[in-house]
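After this come two complexes, each holding subunit A, first together with subunit B and then together with subunit C.
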Partner chain A sequence: MPTLLFYILAAITLLSTVLCLTRKNPVHAVLYLVHALFALALLYFLLGAPLLAAWQIILYAGAIMVLFLFIIMLVESPVADQSSRRLSRWLPPAALSGSLLVCGGALIVMDPAATAVISSYWLTPRDFGCALFEHYGLAVEIISLILLFAAVGAFHLGRRYRPNSKEDVS
Partner chain B sequence: MIWDALLALLPFLILFIGSVSVLFVPERRALLFGVFCALLAAGFCWWPCAPVMSDLLLVSSGPFARGCLTVWALLGAATCLLSERYRESRRFASPEFAALVLFCVLGMSILAASTSLVSLFLGLEAMTLAFYVLIAFDRDNPTGAEAGLKYLLPGFLASALLAFGIALVYAATGTFTLQGNVSLPVGAAMHTIAILGWTLILCAIAFKSSLAPFHLWTPDVYQGAPAPVAGLLASGSKGAVFAVLLASIPLTLIAPMRPLLAALAALSMLAGTFAALPQTNLKRMLAYSSVVHMGYMVLAVLTGHQAGLEAGLFYLLSYGAATVAAFGLLASLTDSNGEPQNYAALEGLAGRSPWRAALLTLFLLSLAGFPPLAGFMGKFVLFSAALDAGYVWLVVLALFSSLVSCYYYLRPVVRLFRPSSSSVFSVVANGGELVVLGLCAIIIVTAGMYPGPFFRLIAAIAP
Partner chain C sequence: MIVPLGHVLILSGLLFVAGLLGVLLRRNLIMILIGVEVMLNAVGLTLVGASAYWRNPEGQLFALLLMAVAAAEVTVALALVVYLKRSRSTIDVNRFNGMQG
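Moving on, here comes the complex of A and B:
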């Protein structure tokens, strides 16, 4: 049963990623990406990492994708599309979400904690934190530096005024 | 324990603190402050520190890592010095520029010092992220933005390949470490997965060092990037990637990848050579020539013995010095109209500034491998090491491509000495630029005529 679930979830991940890449409407693409990330979270849960699964949903499928949607809706004015009212357009996402819901339910019922293939690797939040900050503490710091300098770079490339005009003012 | 760790990380910390604090330095002083921080980090590299658990720190503090860090820090200082007048003529925001150069040096240092695949990935990402912004730094120049985008998209692809490769290697071996006696797993299924993972990692490395089927971004990016940044990209980023490939990744892991590496080398030499022949833009020509040089560097990886490694490091030094200097010279000729990239614009340079024409000739001749310059000595030791390792066909190919390379290196040189009536540009180089160009010229001439001390230095730091 876990093997079957794995293949179903992997297929959903791949399918929704392909759909995400091929959609013309960016909002649709983001929604398919949410599907892919959600299926990935269920895969983590299946493999015995519930904390990672929860974070995947909270951070990626939740926060970051909502941010994506906000940005897309701020940048371009949505065009009212009459064809989106047809039922057939709603079928693929509905099928994907439905199967994800069924898989998630099945996972909760199955409780892979008890029957995980690699049950000795059941990862508690405590183990996770220890591994992250004891063994990979420096890596966490380097990642934070990368994010800081990404912000510096974005600030430089994105700001409106020119550096020479700033000099003129001062 | 914590003090030992901090002491071992001191040069990295200096680079980081410098790159953050330079953001608060006034516009005029920022680049000089960047030079100061880079030199400070280079100096503190050799502060004695107790050997610490480098698998815990993810970066090694061994002599090779420290030697690389010194070279990258000096490169960063050179880039800042070369950008000083360049940024005035192109109106850059210098604090951000200096901060990103220092951060780029930090990334390259982490990369060259990495003892695990995690720090390899993070170092490469830090370096590449700084380059994304540095390449597109000149916002008045539309080709700069285009170049930035052209570096960004292949860069994302390479990062994805690298992450996927690392995940597969981890799945097969259960460890990220590159230290000690790591070898490929013996079981058939896991062995295949590990080979697949290493192949993906090598593809990502080939992207970053622009080896032949993955080199298509190189000419456009070099052409659009500011000349000092292009110099750093051509020497530092490729040097850091090859430092990892030569020293950090154990040969037992690369051994099954030899046919792939040989194919990459052969393709790079051929594709780079034939694409460089018709170029009339100095930066594009240097881009294709760097593809050829990276093809030669793969020979050093293929030899798989100590002499080959040292020959590769010497070659990297001679190539890096000549490339940084050639791009730096282009930067020193830049005025508010832009860079004189085309051969036509360089015509008659010898009449207007004979010293710089002579230096550019020297750098291009060294890249072509004329004796008694460093390029010749580098090619000699590298090709003889490859011959010892039995790669005769690759050496024949390398000799052929370096013979042909004389044509495309000498084409701009001839134009320099041709009299030209139009004096489009007459820029006086400033002190910093002259220091960097002079130092590079001294390195190139001494390493070519009296290479003994350089080889001893390399043998002392080589792992």
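Moving on, here comes the complex of A and C:
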């Protein structure tokens, strides 16, 4: 059963990624990418990484995709959408989300207490934290510095654009 | 391991190629960034699959670090998109063909 779920989720991931990369409208592309990220989170869960699955949803599908949507709303000119009243237009996203929901439900039914039934290898959050902070504390510090530099760089780039100032002339 | 490692690698390879084609073929800057995200996720799937195959936590730890790097990359890249939109009023990469200085 987990093997079958793996192939179903792999098909969902590939399908929604291809749909994502072929959309004209970036908002639709981001929504299909969220489908792909959810399917990838369930794949992580199947492969024995429950904590990474949770972070995939919180960080990627939550934070990063919302950032993408903000920026798209900020920079894209609005596209008039005439065909949104047709019901068949909602069929691909509805089918993808429905099958994702069924797969997630099947995972919960198979393994309600999240004991190591699904996968032969199962890294609990406690073991994950021990392995991370016992052996890779320096990596955590470096990653936090990278995030700090990225925040400073984004702040620097996002200053108000002044046409008269010397460095912003283009 | 519920599936052979080869199947995980095939899936992540296909995802990576799809993201690479998106980066190479699309001309909208935001779609290029989405292609980069797809490629990073393909690498993350490889790491988690390898971690399950060798029963080793290191793969999952590196997948976590990969997520943090992806977040940093997206922050800077989207700030650049906003900057370019302000200064050139377009995000079509074919229009960015001039240099200054």
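Please note the rule applied: the second predicted complex is superposed on the first by the 139 of 170 C-alpha atoms of A that agree within 3 Å, B and C clash if a C-alpha of one lies under 4 Å from a C-alpha of the other, contacts with A are read in each partner's own complex, and residues count from 1 in each chain.
As a working rule, a residue touches a chain if its C-beta (ideal position, glycine included) is under 8 Å from a C-beta of that chain, and two chains touch if they have at least 3 such contacts.
Since this is a predicted model, take the numbers as computed values, not measurements.
In the superposed pair of complexes, A:Phe149 makes contact with subunit B and with subunit C alike. In the superposition on chain A, A:Thr13 makes contact with subunit C only, while subunit B stays out of contact range. After overlaying the two complexes on the shared chain, residue contacts for A:Ile57 are found with neither subunit B nor subunit C. When both complexes are overlaid on chain A, the residue A:Leu157 reaches subunit B and subunit C alike. In the superposed model, A:Leu107 makes contact with neither subunit B nor subunit C. Applying the stated contact rule after C-alpha superposition, one finds that A:Leu138 touches subunit B and leaves subunit C untouched.
Within the superposed three-chain model, A:Leu42 lies out of touch with both subunit B and subunit C [touch as defined at top].
Taking subunit B and subunit C in turn and counting the residues of subunit A each one touches, the greater count comes from C.
Residues 136, 139, 143, 146, 149-150, 153, 155, 157 of subunit A touch subunit B in one complex and subunit C in the other. Subunit A contributes residues 2-3, 6-7, 10, 13-14, 17-18, 20-21, 26, 29-30, 33, 36-37, 40, 43-44, 46-49, 51-52, 55-56, 59-60, 63-64, 67-68, 71-72, 74-76, 118-121, 123, 127-128, 131-132, 136, 139, 143, 146-147, 149-151, 153-155, 157-158, 161, 168-170 to its touches with subunit C in the complex.
Note for the complex: subunit C touches subunit A at residues 1-3, 7-8, 11, 14-15, 18-19, 21-22, 26, 28, 30-31, 33-35, 37-38, 41, 44-45, 48-49, 51-52, 55, 57-58, 60-61, 63-65, 67-76, 78-83, 85-88, 91, 100.
Looking at the complex, you find that subunit A touches subunit B at residues 135-136, 138-139, 142-143, 145-146, 148-150, 152-153, 155-157, 162-164, 167.
Within the complex, the subunit B residues that touch subunit A are 9, 16, 19-20, 23, 27, 56-59, 91-93, 96, 99-100, 103, 106, 110, 118-119, 122-123, 125-126, 129-130, 132-133, 136-137, 139.
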